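Going by the order they are written in, the chains are A, B and C; count residues from 1 in each one.
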Amino acid sequence: MKLNGEKIVKYGLITVAFSALASLLLIAGFILKEGLPFMLKVGVRDFLLASDWDPQAGKFGIYPMIVASLYVAFGAMLIGAPLGVAGAIFLNEFVPKPVMRVVKPTIELLAGIPSVVFGFLGVMVLAPFIRQNMGGPGLSVLAAAVILGIMVLPTVISISSDAIGAVPNSYREGALALGATRWQSVYMVTIKAAWSGIIASIILAMGRALGETMAVIMVAGNTVKIPHSVTDPVRTLTANIALEMANATGMAREALFATGVVLFVVIMILNGIALSTIKTKVRRK
Amino acid sequence: MRISPKIAQVLAVFLLGASTLLTLAILVFIIVFVLSKGLPGVNFEFLFSSPKDMGRAGGIFPTLVGTVLLPLMALALAVPLGVGTAVYLTEYTRETRFTRILRFGTDCLAGIPSIIFGLFGFIFFVVTLKMGWCLLSGGLTLAIMVLPTIIRTSEEATRAVPNSYREVSFSLGATRWETVLKVVLPNALPGIVTGVMLGIGRCIGETAVVIFTAGSSLRMPTSAFDSVRTMSVHFYILAREGISNEKAYATAAVLVISVLLVNLAAYGMMHHFIAKRSK
Amino acid sequence: MTTKRPVKIATRNLRVFLGKEEGLRGVTLNIPANQILGIIGPAGSGKTTFLRALNRLNDLSPDTYVEGQVLLDGQDIYHPSFDVVALRKRVGMLFALPVALPMSIFENVAYGPRLSGIRNRKRLEEIVERGLKAAFLWDEVKDRLQMSGLRLSGGQQQRLCLARVLAMEELEVILLDEPCSGLDPISTSKIEEALTILKVKYTIILVTNNTKQAARVADETAFFLGGEMVEYGHTGKIFTAPDDKRTNDYVTGKFG
């Protein structure tokens, strides 16, 4: 009868709805399964804080890579965050709506450019520029930071813009009615109100910067050394995984999975913070 | 020294506007640069002939095939799963702890960087399931990667269908599933298709996952268990190994145009959908 | 004296809870077949809740709870074994805002019959034509059946909704929830005219905000107030010499 069919459909759909959660658990499970034993064997402290990375010789310290990832990601945020937030403010507050409706999707469209293309341009245009004007091999922390900064711009602009757009007009009007200029209403009221959304966008972008692989491989230089200047070449955690995976066996492979575990955990924490910031804001409304 | 508010505003607007223009300029520059250097190398032969000499000469046809087949396979799995999840969340339940857990899982999945997907696909499909580097491994991994996107856009699309349509359908004696098939899904289709196109765009641009799961064979795939190379992987290899800058730029041009076209189609569809709704 | 008609729908102490609110407090009513019952009362009096209980449409609202009985031809429709889907094919509904499904006029009317499994194109065409004629819409749309139903005017859309309901071969009862509230006088009179003709074949229950409409069209009228049915009887009596003072106040316009 029709009604029995309905029950089958409902339970079928529940099963399907599990797929995302199940995939997540599968991924987490396998990455941990491959990486955790290694970390326990070698000792988390030695793994994270040792500076020798030489798989052939059984040395698996990823400290230089951690430093590299952090430098590159922070550098990317130094470039991407101010530019992105500025862009979001400008587009939302100082530009007529029809223009914003064209420009914002255009920027988001451009975000679809594959990371390898960004990386390639970094190699062909940015790296030589750095090499000529600042010394060093060109492929460096700076190059990676700049390229990544550009790559996360759409993320920052998009999410910040949404946060700013969500500020009720009554807030703005309230400030303007008190004699504020548009700019004053923006920095005194609107930005404050949208602040958590803006911060969330920066945190999310940071997560993206930490997780980026291909572009970084192409422009960061990939030398395993703690950088002393922005023109030094470095290898990030992601680059390490991608580069070494092909030839890694046994302990070396486990080490790379362990690196994956570190990345996974850090980025999940960052995303979690960002998402909960947005959600608390929505709930408070 | 106090600046008058009016002057402060002018300065602020100038700086903000300059930042925005800089952003736009950089992004536009990238596209223009790639296209100008790459398009001259793109012609019918380039698109439809096979690469010779590791890509130093010849075309990119097998990679085109790979670039089409992989997203297709990924979506063949992700769309039923994603739309099904969306239908369940919208039509068959209300917000409970269970649905919150499901959403949490989806959000987490969405935030995983592609290198981790690559690692997972490698260890799970290629090694543990012994499928080796092939279309199937790549397609399945990409499916999981785009699943959150499909779920999100499909859910938005199904929620946008007015409740009055559902009521009418029920009052005419339809079951819930019949209502979903005959009224909700047809009306949510534009939104769902938009999500699918966004998913395609992501797959086309994805490199790390593909290398780790589908390999990089330059041969034309004849079965789901053959390794394939996509355009983005081919481009990466050409660039990294310094095989041919000319071919690299040309491949990049095709790659960029493909992604732009797919995303443009997605946005166009979304706007058409929104315009139709507000009639 | 009115001929004794068989009771089509009877409610026995029907109570409906919407969440914690009691939207309907114990309504007991016998509705005779083949006539128009008008239900009048101010907003929030439970008229719509009552109507929606008759085709179990309030099952769709998550926190609704129903007590009491609703008997269709003597069978309790709230009994667990009663087929809800079949119920809704026998008891059709028109809503206050005309909701044409985003399909062609043909597909709108054919929607119900298709659900019943009718696939034969010729038979569907017959059914659609019959339904549209019974709703007095056929002449206006017969040449453009493939046009989207959304492009009809408000009055035409409402008649389309009527045709949709009439196309159900199992139809016995028509429920109307303020069907003319958004329509111009001409469309309203067309629908009222249709109802007077349809009552010969169907039992019609019409909830309306417009007391004059009830006076025009309904054979019997029930007055609802605050979730209760205050009074029920022959329309003439309700409007000229009601028993209850509250009914009198409402129909004379003292409140509403």
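Everything that follows uses one rule, which is that a residue touches a chain if its C-beta (ideal position, glycine included) is under 8 Å from a C-beta of that chain, and two chains touch if they have at least 3 such contacts.
Owing to the predicted nature of the structure, the values given are computational and were not obtained by experimental measurement.
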- Query: Which chain lies at the heart of the structure, taking centres as C-alpha averages?
  - Reply: B
- Where centres are the averaged C-alpha coordinates, which chain has the largest centre distance to chain B? C
- Query: Between chain A and chain C, what's the gap in Å when you average each chain's C-alpha atoms?
  - Reply: 57
- Which whole number of Å gives the spacing of the CA centres of chain A and chain B? 17
- Query: Can you give the whole-Å distance between the Cα centres of chain B and chain C?
  - Reply: 48
- Message: Give the residues of chain A touching no fewer than two other chains, as numbers and ranges.
- Response: 2-3
- Can you list the chain C residues in contact with two or more other chains? 85
- Multi-partner residues of chain B (each touching 2 or more other chains): 175
- Item | chain B - residues contacting chain A, complex | 5-6, 8-9, 12-13, 15-17, 19-20, 22-24, 26-28, 30-31, 33-34, 80-81, 84-85, 87-89, 92, 101-102, 105-109, 111-120, 122-124, 128, 144, 147-148, 151, 175-177, 201-202, 204-208, 211-212, 232, 235-236, 239-240, 245, 248, 252, 255-256, 259-260, 262-264, 267
- Message: If we count contacts the way the header does, which residues on chain B are in touch with chain C in the complex?
- Response: 94, 164-175, 178, 182-183, 186-187, 279
- Message: Under the stated contact criterion, what part of chain C meets chain B in this complex?
- Response: 55, 57, 60, 62, 85-89, 92-93, 95, 97, 99, 101-102, 111-112, 115-116, 150, 161, 164-165, 168
- chain B partner, complex, touching residues on chain A are 2-3, 5-6, 9-10, 12-14, 16-21, 23-27, 30-31, 34, 82-84, 86-87, 89-91, 94, 103, 105-107, 109-110, 112-121, 123-125, 150, 153-154, 157, 180-184, 186-187, 204, 207-208, 210-214, 217-218, 238, 241-242, 245, 256-257, 260, 263-264, 267-268, 271, 275
